[in-house]
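Some structures to go through are shown next.
In what comes next, chain A is part of two complexes: it sits with chain B in the first one and with chain C in the second one.
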Partner chain A sequence: MGKKQGEQGAAWLSEKMSGQVDFEQRSLGSSDEIGLQYLSSLTNSDMINRYIVIPSYEMESLQAFENYIASFPGTVQAGERQQIIEFVLKGFVLISIGKSGYLFNAVKVESSGVGEAVNEAIVQGPRDAFSENIELNINLIRRRYQSETLKIDMLTVGKVSRTSVAILYDDERVDRQVLKEMKKRIENVKIDILQSAGELEKYISPERVRIFPTMIVTERPDRVVFNIAEGKVAVLINSNGFAILAPSIFSDFFTAMDDKIQVPMVGWFLKTIRYIGLLLTLTLPSLYVTFASYNPEILKIQISLLIAGSRAAVPYPSFMEVFLMLLMMEFLTEASLRLPKAIGPTATTVGGLILGQAATQAGLVSNIMIILVSAVAISNFIIPISMMGYTIRVIKYIMTLFAITFGLLGVVGSVVGLIMYLSGIRSFGRPYMKMYALEIKSKGGQ
Partner chain B sequence: MKKIICCLLAIAMPWTISGCQFKDIDKRSFVLAIGIDRPEDKDKKNQFEVTLKMAIPEGDPTKRSQEPVVITEIAESVPEAVRLAKSKTDKELDFSHCKAMIYGESLARDNIIPLVDWSSRRRDIQLIMFVAVGQPTAREVVKMQTKSERLPGNALILGLGKEGTESPYIKSAYSFDLSRRTTEHGLDPFMPVVRTKHPDMLIIDRVALFNKQKLVTILSPDETRMLNLLTSNHLRSSFKVDAEGNSFDYNLENSKAKYRIKADKEKKAIVEYHLSGKASLEENMKGTPVTGPVLRAISKAASEKWERDSVKLFKKIQASGVDPFGWGLRYYSRNWNNSTERQDWERLFPGLEFQVKADLKVKYTGMIR
Partner chain C sequence: MVSSKYIYYLFLVNALMNIINFVPRVLIFTRFQGTLPSIFISTAIGALLLYGFTKGIAGFKGQGLPEIFNANLPRFFSFFLLIMYACFWFSAGIITMLSFVDITVRYISPDISPYAVIIGFLLLSAICCRLSSESILYGLETILFLSTPVIIYMLVKAFLNPNFSWDAVLQIVTYMWTKPKYVTVAGATFIFSGFFNLAIFNRNFKELKTRYLWTIPLFGLVILLITFVVPIGYQGTVGVENHVYSWFSTADSIRMELFIIERVLFLFYTIYLMISMLSTVVHWHVGLELFKGAFQSKSGKLPGKKADWWVLIPFSIATIVIMNFLNQVRLGQIGQWFLNIRLINEFVLLAILFYAKKRSAKKT
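Coming up: the complex of A and B.
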């Protein structure tokens, strides 16, 4: 029974896998009576050479080779079609000898190059991050997405660097328009050197003044897998440990991979906290200017007097104070980012503690301002995707400018304007402000 | 490019005209309470004496109570006095946190209309400001620095509102309500009366009733409590009642007052009040056992006492010719004919009859012996 299916399986598999760039078929033996089929990104080619290819020419008869193959501990006799495809996607090699088929274990175990995710650290859940090797990265995804519908298209970008770029998508679930658009945009990129995903993201974005990212750049394979299953397109770049995901909507940037792992109530709570953090980090500086200089009547008298009291020694207007401290905060963040790990904490201590404490005691800034600046910074760090974090950092200055000119009206107006702007953005033709994730397209999947 | 320049210009241009509005919080001195009197000086009888209590923020906000600054200024009109007061401080006067306005008794007995108009017309004085009558003068009340207050004027604000103490003898009045009551037909203003008690106490336990423009009568504390019971729901207070040869105190937990006006064509009208409430027994003077029948007797005696007291209050208010309950407004709304309802009510008012039905239920709270 196994024999018959082994042969049919080989033909079926090659038909099923046609179009996969990393699918390889080899014929061995004097008259091609041995067939090998495997996914090169998942298998160890050294093993295949040593245990299959070389012995096949050394064996006296076909039968002996078959017995030899069957004797390996991990080898399984090929059975149903579904089993074959499952094993091949795991990294097994389908060996068809005559009419029978065997699945030979040649799984490539890449442990060395895979590091932990640093930029998108999470508490529980998978810790792997992409490496700098595209083969390995595809391996990481394939291992998590064991489906024959995962398709990979390879392209080359960069006249000089000749960087290979892989477009990954689920053939059944992907949005064809997005895929077509993505391919077109990547093909149209005319540059000499491409080194990072962020760079490519910049080149394939529509050209206009842009402040919000419309594509996620991530280093987590599990996020990529999750998004591919949602019907999105992922782009991997050789020599860079980041992937681009498109189309991405606003709420995607506020989703951490933790949310899926947590109890639903906790997950919602965490998501709510992120949006509250977003609101705080955007509005606190501008509201401070408003309350301290335009509309103190909104606050309770106690707080008004508190602000007034702590500002009594400050010589310059409120917005100077705000800008000064916000800029200090930005310098601090940037400095601790670029410094070597050993000096980093020192910079934060010197900057945060000493500067903040001394500035209030010297009467240069008010106490409340220090609290406010740290609240702004902390709530900014809540945003899980750092690209969005940077954007929000810039936008709060714009809002503060409006607050300086128009007071409370400016704050309200700029929030309204921001929402209008966000509603106008499209990511690969998808509305950006759609506040829930794309619907899963399951044509026949589940 | 042209677009961007236009946008930038549009943003930059208002910058130049925003100048005066932008005043930092530490350059303002917040007026927390205003008191307005007639000057004691006989020659200046028709002028106004304006007292402003201000909080000047300084230094460490965690320290106890900043010293208030009190400025008194006499002028022909209130705006004029405020303008004069401005030149006495180094910071811009800011009325946006003014939460209490005290009318001196002498002024209240004369005419409050121009001041009500001024305070509701000024943009920066909020309409949620409390208003009150000050005895002996508004200046005394505003100047009073009670021991418990951390912020200047806070004791006055907490006392007049419901945020701090919730006394049944305090009938708080807001500025917006006052200005409405000065213009609405069939609804007359009232204000709580704040008295000073030296050295450092403010007493608020009476209410002053106004006809449209001046103070007519001041109710006693008990009458004030009754007025509170009749005009607001969920009054919390304790009352004393004699029943079964014993004296009991009960604590009112919930109350409700409804009324309707039964008007006979042209002849007479009856105001029918229905009071209900739930109370629990708080003190039992002689310590006799409280049983079901005793409780029912207490409830009956308490209800009857309410009926007597309220009718007495109604008669007093009717005699003084004012209408703080808004009976007139209620009558117009139910009997309008677009021409004669106001005259009808004026004719009916002196002969109004009152029927009060009180239904108070006194409970006995459990006790472990």
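Coming up: the complex of A and C.
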């Protein structure tokens, strides 16, 4: 039974896998009676050489070779078509000898090179991060996405660097329009050197002043796999451990991979926390200016007195205080980022102790301001994708400027303006800010 | 293309911001002369307009008013009508803006120059109303999503207050059988006119699904009754007429004892600032698109994006000039005129729409 199916399976497999760049077919033997089919990105070529190719020329008869192959532990006789494709996608080699087929285990085990995700750390769940090798990165994704519908297109970008760029998508679920647009945009990139995903993201974004990222740059294979299954397009770049995901909308930037792992209620809670953090980091500095300088009567009398009392020694208006401290905080963040690990703690000590404690005692800033600045910084770091975090850091200053000029009106106006601006952005034709969850519920009404 | 739920948002934003556009004022002004019957009558009229307009415009799939008029009416006639309605929509936005400037200067920041406030308002509206209709609908959804819970909280807080005088409310109910007045009906129907924004937004609906349309009159009635009853419950049947912005005075009488902000007024102001900004953006967007539609070429091409400023800058300057001439009394009068003319105008619009529909049916 296995014999007949093995032969048919080989022809079927080559048809099914046609168009896959990493799919290889070889014929061995004096009259091509042995056929090999495998995915080069998943298999160990050394093993194939040593255990299949060389022995095939040394064996006396075809029967002997067949017995030799069948004797390997892990080798299976090819059966159902589905089984064949599953095994090939795992990294097995389909060997067809005459009319029978065998699946030979040649899985490439890449333990070295795959590091832990540092930028998008996670409590539970997979820890792998992309490496700097595109083959390995495709391997990482294939291992998690074992489906024949996962398609990979290879392109080259950069006149000098000739960097290979892979576009990954699920053939059945992908949005064709986005895929076409993505290919067109990547083909249109005219530069000499391409070294990182962030760079490519900049070049393929539509040219205009923009502040919000419309594509996620991630280092987590599990995020890429999750998004490919949602019908998005992923772009991998050789020599860089990051992938680009498009189209990405506002709420995607607030999704951590933890949310899937947690108990649903906890996941919801964490998501809510992030949006509250976003609101706080955006509005706290501007509200401080409003409450301290424009409308102290809004707050309860005790709180207003508290702020005024703590500001008693401060010799300049509230907005100077806010800008001074916010800038100091930015310097601290930037400094501790760039400093070598050995000196890193010094920055924290100097910043935390001297700026925090001494500045208030000297009367340069109020105590409440210190608390506020730390709250702003911490709630900014809650945002899971660092690109969005940077954007929010900038927006906060714009909002503070509006608060300085218009008071409470400026704060509310800039929130409305921000929401309208976000609603106007499109990521590959998809609206950036849309109440996603509500949309699903009302799909029947569409 | 967007789903049909956005029609309800268009209605909701208008219904919620009626407090700014002098609707409670006229309701309270005539409280002994037929406000209650007017509320019920205007619910019926509103429902009539609502069904008529949605039925009428649903016949033109994906078309806005400019396309419908230009294709089915004599060119000169449609040009004149579109310019008129554009001015009308712009003035709706302007009245909202001006009364909010008045409120801001009176309640929140007496030390900010009204010019600074109006310039801030104008900048926001002029920039935001140039977004695509679809984007404005998404923004609408998000802001309503954020503000409705707070509004509901404030309402619950208002009704649960032990100082809310139900006796005053009961007394006003005894004036049920008085003869209604046109001004009151005109004012009360304003809250239903949100769906007239479909004049432009209809372009974005693939198909108007109006299965839950009956909820709108129901909601409208509830909102009208709340608008009318709550200020009376707080300020008494007679005392209520002493306030220009009776709802803001009402909000100022409510305390949140355990929150960091004590006076509900500020919460109320913030939320209503958001909603009225949004409503201005929606009105100006419709006005702008109607204006551009008047200059649509024979081949159906609309003026480009740059032409927007030729409309927006004159209207912005006009707003500032008008503000210069108005005091609070005049502003109130103009707001009332606007409401009075609006009702007739809506019936005219409906009639023209049906005429256009007949013409287009004859053509095919």
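Quick note on the criterion: the second predicted complex is superposed on the first by the 435 of 446 C-alpha atoms of A that agree within 3 Å, B and C clash if a C-alpha of one lies under 4 Å from a C-alpha of the other, contacts with A are read in each partner's own complex, and residues count from 1 in each chain.
Throughout what follows, a residue touches a chain if its C-beta (ideal position, glycine included) is under 8 Å from a C-beta of that chain, and two chains touch if they have at least 3 such contacts.
What you are looking at is a predicted structure, and each value in this text was computed from that prediction instead of being measured.
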item: Touching partner for A:Y294 - first (chain B), second (chain C), both, neither; value: both
item: Contacts of A:P317 with chain B and chain C, given as first, second, both or neither; value: first
item: Which superposed partner A:G115 touches (first chain B, second chain C, both, neither); value: neither
item: Partner chain in contact with A:V415 - chain B first, chain C second, else both or neither; value: second
item: Which of chain B and chain C A:T405 touches, first, second, both or neither; value: both
item: First, second, both or neither for A:L305, with chain B first and chain C second; value: first
item: Touching partner for A:P55 - first (chain B), second (chain C), both, neither; value: neither
item: Which of chain B and chain C A:S423 touches, first, second, both or neither; value: second
item: Contact residues of chain A, present in both the chain B and the chain C interface; value: 294-295, 301, 405-407
item: Chain C - residues contacting chain A, complex; value: 3-5, 104, 108-109, 111-112, 116-117, 120-121, 124, 127-128, 131-132, 134-136, 138-139, 141-143, 145, 209, 211, 259-263, 266, 269-270, 273-274, 277-278, 281
item: Touch list for chain A against partner chain C, complex; value: 294-295, 298-301, 303, 405-410, 412-413, 415-417, 419-420, 422-424, 431, 433-435, 438-439, 442, 445-446
item: Contacting residues of chain A [partner chain B, same complex]; value: 291-297, 301-302, 304-314, 317-318, 401, 404-407
item: Footprint of chain A on chain B - complex, ascending; value: 11, 14-15, 18, 21-26, 28, 30, 32, 55, 57-61, 66, 94, 96-97, 99, 124, 126, 151, 154
